[in-house]
Amino acid sequence: MSLFGFGRPQPTSAEKIAAVENELRVVAEMHSRMIKLCTLKCVDKTYREGELSKGESVCLDRCAAKFFEAHQTISEQLQREGAARGFGA
Amino acid sequence: MSLFGFGRPQPTSAEKIAAVENELRVVAEMHSRMIKLCTLKCVDKTYREGELSKGESVCLDRCAAKFFEAHQTISEQLQREGAARGFGA
Amino acid sequence: MSLFGFGRPQPTSAEKIAAVENELRVVAEMHSRMIKLCTLKCVDKTYREGELSKGESVCLDRCAAKFFEAHQTISEQLQREGAARGFGA
Amino acid sequence: MEGLTAAESRELEQRLQKRQVKEFMTVFGNLVDNCFAACVDDFTSRALSGRETGCLSRCVTKSMATQTRLGERFAELNAAMTAEMQKR
Amino acid sequence: MEGLTAAESRELEQRLQKRQVKEFMTVFGNLVDNCFAACVDDFTSRALSGRETGCLSRCVTKSMATQTRLGERFAELNAAMTAEMQKR
Amino acid sequence: MEGLTAAESRELEQRLQKRQVKEFMTVFGNLVDNCFAACVDDFTSRALSGRETGCLSRCVTKSMATQTRLGERFAELNAAMTAEMQKR
């Protein structure tokens, strides 16, 4: 695209929309991933109670913070090492 | 859509098609979800036999009925409570 | 399509593109499925080491070969029996 | 499909075909996952053993029987639910 | 949504609505999976038992509370991360 | 890509790019799931511990090595299978 794109300096409508859509998809996937992982880590699966206990609530808050940190750490490492090793090829 | 839709009283082709498609997707997802869950609950994973045993068959029939009941119960509860709590926001 | 297609002997652009796209999707899904299954079978989940051990590497190679064989075996059986039983209906 | 023009019906039919292909692939993929995970466990050789091949074959047969049976139940229960909803 | 024309914004909005429907279905589907897997275990009858119904109901309530709580945390953490990135 | 016009090839290429983005996201998402599930277990604090950070880093390195290795095997086996099919 950058090689052959000299004839059209402006991104097309479809490209602009795809870019915004993509960014929102990344955020949405991250959100649902966090729900899945932190539910697994923190919520008691016997469902004897319908409300979150104090312990579960605190665990969810910390799990969310750790998930964000891990997500960022992993992204950065992949960018560093993946660029060198051709990750995903 | 209902707030700002006064200028176009008829749904467009794309909207009508999307509505039918969506309904079929809901049914299809429910179907594949049922297969996954009831296989997990009822079918022996050692695969010493290639045919369903009588016990497995009966279990699958009951599991299907329970799955439908649970699906409906959960949908209704989500509609009741979700409307009040802004579920999914 | 083969029954009623006598009026248009050439596939349309959309059909040709869909066919190529579909084939590539099948291969891509097979690839990601293999990664998931063979990681599960072969890679130690404690992550005390960051490099693959000799044993893990050999296991991955064999798992990949077995996965391909299994994939083909299963496809063939489904074609044989599925045609007879109307699988997927 | 009431309320759709001929062109809309054609468009819808194409989408449904696409969806069916996708669904078949999902079901097939889940079957491969399940049967491989359940049956293949020996990584001392590159080729499937007789035991593994037999297990895979029984797993495929049983999975197809499961799907046929659950498909019948699904159709019955879905019809009953639809009838129930129209009575209300 | 800076840099989009009115027509592009409309198109984008339609896609986002489609995405939201899809996401809601994913979340709902996962909830059904989780709660059914955790609560339904007795296949000696076709109807849900009182114990199973109660478990499902508590599971739904708790899952909604979990999602609300994690949604709040996600919004906070995402805002903080975005602010952090703009400082650089 | 025989049998496609220039316009069709362009359209196809755009779709393939979209597909690659999607696939990368799937692979990345699975990696996050696996590594977080395997490494993060201590919820007495909000910040990752040194042990967790180290585990995550090794998990990412090992997952990349796994993907590289399986990618090579996949390419070989796929080429062999394609050659086999064309012989028939």
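The first chain written gets the first letter, and so on, giving A, B, C, D, E and F; residue counts start at 1 in each chain.
Operating definition for what follows: a residue touches a chain if its C-beta (ideal position, glycine included) is under 8 Å from a C-beta of that chain, and two chains touch if they have at least 3 such contacts.
Composition by chain, UniProt nomenclature: A, B, C, D, E, F = Mitochondrial import inner membrane translocase subunit.
The structure displayed is predicted, hence computed values, not measured ones.
Novice: Among the other chains, which touch chain C and chain D together?
Specialist: Chains touching both chain C and chain D: none.
Novice: Need the graph distance between chain B and chain F over the touch network, please.
Specialist: Minimum step count, chain B to chain F: 3.
Novice: Greatest Cα-centroid separation from chain B: which chain?
Specialist: Farthest from chain B by mean C-alpha position: F.
Novice: Find the chain most remote from chain C, comparing centres computed as mean CA coordinates.
Specialist: That would be chain E.
Novice: Centre to centre, by mean C-alpha position, how many angstrom separate chain D and chain F?
Specialist: 25
Novice: Can you compute the centre-to-centre distance for chain A and chain E, using the mean CA position of each chain? Integer Å is fine.
Specialist: 14
Novice: Quick one: report the Å distance separating chain C from chain E, using the average Cα coordinate of each chain.
Specialist: The separation of the two C-alpha centroids amounts to 30 Å.
Novice: Give the residues of chain B that touch two or more other chains, as numbers and ranges in rising order.
Specialist: 25, 36, 61, 65, in rising order.
Novice: Counting only residues that touch at least two other chains, what does the list for chain D look like?
Specialist: In chain D, the residues touching two or more other chains are 23, 27, 35, 39, 57, 61, 67, 71.
Novice: Under that contact definition the chains make a ring. Starting at chain B and heading to chain E next, list them in order.
Specialist: B, E, A, F, C, D
Novice: Which residues of chain C touch chain D in the complex?
Specialist: My answer: residues 18, 22, 25-26, 29, 33, 36-37, 40-42, 58-59, 61-63, 65-67, 69-71, 73-74, 77-78, 81-82, 85-89.
Novice: Any idea which chain F residues touch chain C in the complex?
Specialist: Touch residues, chain F against chain C: 1, 3-5, 7-8, 11-12, 15-16, 19, 23, 26-27, 30, 34-35, 38-39, 55, 57-59, 61-63, 65-67, 69-71, 73-74, 77-78, 81.
Novice: For chain E, which residues count as touching chain B in their complex?
Specialist: Interface residues on chain E, with respect to chain B: 18, 21, 23-25, 27-29, 31-33, 35-37, 39-41, 43-48, 52-53, 56-57, 60-61, 64, 67-68, 71.
Novice: Which of the residues in chain A end up touching chain E in this complex?
Specialist: On the chain A side, the touching residues are 13, 16-17, 20-21, 24-25, 27-28, 31-32, 34-36, 38-39, 43, 45-52, 57, 60-61, 64-65, 68, 72.
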